[in-house]
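Quick heads-up: structures coming right below.
Two complexes follow with chain A in common, the first pairing it with chain B and the second with chain C.
Let's turn to the complex of A and B:
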């Protein structure tokens, strides 16, 4: 696929931003619903809170490599806070509020699970308290961070959807798709991958999870279909963009990796898990991996299929 | 405490408006005049300039490219690259090859920054590095550009070029240093066939050409309202 102005780095950034936000939402959800406390060890909360900040930080650092001034004169990045008309500026503001909260939340969650960290720190810094009101602090951070996480996931879509010069992107379906995909990849990472790996009988603790996950994957397939079909119906360069994804050189990536391994296979696993109240170890891990890979490639295909309006 | 109440009611009410009474205008009349005035200003301010603004282009200069005269030789493209010290083969002007099937000939459409009044590149630039100069020319502050390429993605004319050496997303600046000094941009100077007509909008020759309606914006349906560059399309 011929990249126009943006390519892999931007796609990876959009993906990591979405997955980081989605993981945080999962950790916040199990915290606020109290599901985290129904089991001795909750890998969803630990992984969700732990990776969210680092994932977004990695994405942001990658983006700095993509900036012309990123390595030459990095202080210019501060100027990116200035134009409040630009969606990119909104994103910078949202991220700079969300990143510290995600990191603090992650550290708190790790300290909550492993109290020996605080005990170890107290040996060196005597002024530290013996324990912290983890649940109270985390509750506030989960709500504030949750709102910012939704903002992060939506902004990655709005960033593209406001561009009138690229008809494929210029639709409100795109932010919706990116938000659903962010939640879905977050679930894939924290439930399917992390929880299955750490606690194979995880589905016992989250009885409604397969159903919720099923709905999100179904919604994602629906939104992706809506995006591509409406682009095809629209004709012109929008249809050309959609054809590039559906029939072009990388169509094998779309049909096999995204639709097959990343959407229909996990959907089947979760339908099965919903009916049987459990799913296998391997199928859980594979469906998680599929969802995460699909999240990356969906974004890359959409970024790379940008065909500007014809002159 | 209860006694204090009736006392207060007996107090004479303060005069409605001392100034208005002194001038012989009641407060009611003043309000009427005010409301009428606001309505008038509102209607006039909304509709009259609105209709004009659709026509009026806020720019000092005009570059009219006569596609009947353009041979597609590429002299403007090369002159632009040299003028701006761009890498070999790079330019702020692109030549698009157009083919018309029924006529079986091909013609050339030179495209550069159209200096839009509603420039999407300026709107999306997070660092506010792209802006409109008072003359109507859209400029890039190369010291502020972070090189995020959002402007390049947003420009429907695809008129922005990323320079790997400087890390800046640049574009045509109408050779504003020469133009402000009374000269012509490099592309207009280089044009062999005189297809590029450049001058101030108030110059009689340019004004006549613009008011004749022959010079049209390229793809006005993009809604960006190009202010400087316009075209005389083939056969018109």
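Let's turn to the complex of A and C:
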């Protein structure tokens, strides 16, 4: 059986890229819906805006280490901007546009929470205005950045799905799965984990979050099942890849960490939270951890279990 | 400090600290994943390895698009062929991609580069006939080839071919000689394109092989324990289908419809055993309480059951009045209840007239009347 092409570096890049895009989408959503301004302090917006840029940047840096010739001769990376027929080139353009927007949005969010930063900067740069129309600027950046964030999440799936030599990847389900997973992990990090740690009662301010969580977790389960079932039915190499995940050496990771801790446990927590209109502090944090872990391992298992067509 | 106190303290931290906390949580998830992955692998069942459903052959599905673009299109073949006159010879029906072999992809058998844009590049390393150049590759999937096909009662040369291939010896017969272009729609096992005997005959004759074409037993596993004096050709008049059989040498005459019945409607398959050459082997008698197995005593085998022999000498022995008008009556007209123990007295069927009541009522009618004469005489 042939070894898979890509390893942990690529899986982490896909994970960070997806989660960074999902975090930005969370921040953009609370901004555009006005939920960010219902409370004096919105940790979701601050975390989402603040982590999205760094997460994607870290992932991109890791990706550079995965390059071969590009690491030894970095100027060759410029050539990757020119091959417009390649999905990798699309991804580079999307990231090149999204990264600065994500960082600017993050800085604006921090400045919005801490107005004294602008005051400090005005002391050194007098031309800076006394105040900025944060909401107006952030709204525009949220829309533009949101589109690019969706593109980033989808592109990571398209990157794998265009590889015809790996039957497990060569399916249109993969980009959809990665998009849903990206949004889900973004919610898990920004809302369940970070926001709950900072403000334990944050879930009381977002009564629809359990329902939204349930929707995305359910979608993720459905798309993952569709991916594996279609691989099994396809037979041959695709079925062998799926069996590796379901029955083989990756089975414990899949069933315990991904399906158990990463999907069914958070699903139960949010079903309970939806029904009871509240959930415990610890269960909220753990469900967020589970969602993030599941997002990482879904990508890793798909990358690791891929068996290419031998040539 | 207890976790609760830590959490309470954390809530007192500046709000911006939640950003590095979020980043740290993401990093922690990755570290946790790196730790849990080998642990998960160690705990995973090692015995339940997914059984390879297919052997390790080259799967070309999905990366043979250049092959399909050209060979599925007559126009493309004409445009790229060195000799357009023979371009159509390389046309392949697109439906063949859905067959069992077609689903492997062109590259699986023929090699080449299925993604190249030019013909020369696509044909680099091309294998025109895999069964001729790499016959062992066919055997990766096709293990345990039979030497007989019981359903068709046929002997096949698989064993000789496999022996040669496994020993690395040159083999004069390739899989494709009999099985044609299996990847291109010809599937002998499905029966859609029947591999007729002429294929075998032509090849045997061309190569002047040791096995004689007239030696039917060389390939056909006959079902019949026929007499030594008979050969296959004595009965079978066609080499295309066994059903065309001549009846000239049938040991028993087959008059009437008997000659139109298929062999195994009367005979047991496959050795023709079970017949005692009597009518009741096949026919159920309508009068089981009478008569013996020789139905021809009354019934004409070359006609229908209704026609009974006009002369049946034994009938007059049983009844001397079987003459005259009685000959015009059907068997059932008298024997409507039974063929045996029928009272031959005239009043069994005929009523005694009023004029005979009295002293002549019990008299024997034949003393005055005969069946071949009118009652009035």
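As a convention for this text, the second predicted complex is superposed on the first by the 305 of 311 C-alpha atoms of A that agree within 3 Å, B and C clash if a C-alpha of one lies under 4 Å from a C-alpha of the other, contacts with A are read in each partner's own complex, and residues count from 1 in each chain.
The working rule: a residue touches a chain if its C-beta (ideal position, glycine included) is under 8 Å from a C-beta of that chain, and two chains touch if they have at least 3 such contacts.
Just so it is clear, the structure is predicted and the values come from calculations on it, not from any experiment.
Placing chain B and chain C on a common chain A by superposition gives a clash between them. In the superposed model, A:253 lies in contact with chain C only, and not with chain B. Of the two partner chains placed around the shared chain by superposition, chain C is the only one that A:240 touches, whereas chain B remains out of contact. With both structures placed on the common chain, the touch criterion links A:198 to chain C but leaves chain B unconnected. Looking at the shared chain after the overlay, A:43 reaches chain C, while chain B stays out of its contact range. Legend: residue contacts after superposition of the two complexes on their common chain; A:263 is shown touching neither chain B nor chain C.
Looking at the shared chain after the overlay, A:85 reaches chain B, while chain C stays out of its contact range.
In the superposition on chain A, contact of A:165 is made with both chain B and chain C. Between chain B and chain C, more residues of chain A are touched by C.
Within the superposed three-chain model, A:306 lies in touch with chain B and out of touch with chain C [touch as defined at top]. When both complexes are overlaid on chain A, the residue A:110 reaches chain C alone and has no touch with chain B.
Comparing 20-28, 74-82, 146-154 or 218-226 from chain C against chain B in the aligned model shows that the clashing stretch is 74-82. Shared interface residues of chain A (contacting chain B in one complex, chain C in the other): 164-165, 309, 311. Remark: chain C residues 7, 10-11, 15-16, 18-19, 21-23, 25-26, 29-30, 32-34, 36-37, 40-41, 43-46, 48-50, 52-54, 56, 58-63, 107 touch chain A in the complex.
Chain A makes touch with chain B in their complex at residues 4-6, 66-70, 72, 76-77, 79-83, 85-89, 92, 162-166, 306, 308-309, 311.
Within the complex formed with chain C, the residues of chain A that make contact are 1, 8, 12, 15-16, 19, 23, 41, 43, 46-47, 50-51, 54-55, 106, 110, 113-114, 164-165, 167, 170, 189-190, 193-195, 197-200, 235-237, 239-240, 243-244, 247-253, 256-257, 289, 292-293, 296-297, 300, 309-311. Those residues of chain B that touch chain A in the complex are listed here as 96, 109, 111, 120, 123-129, 144-150, 152-158, 162-163, 166-169, 218-219, 222-223.
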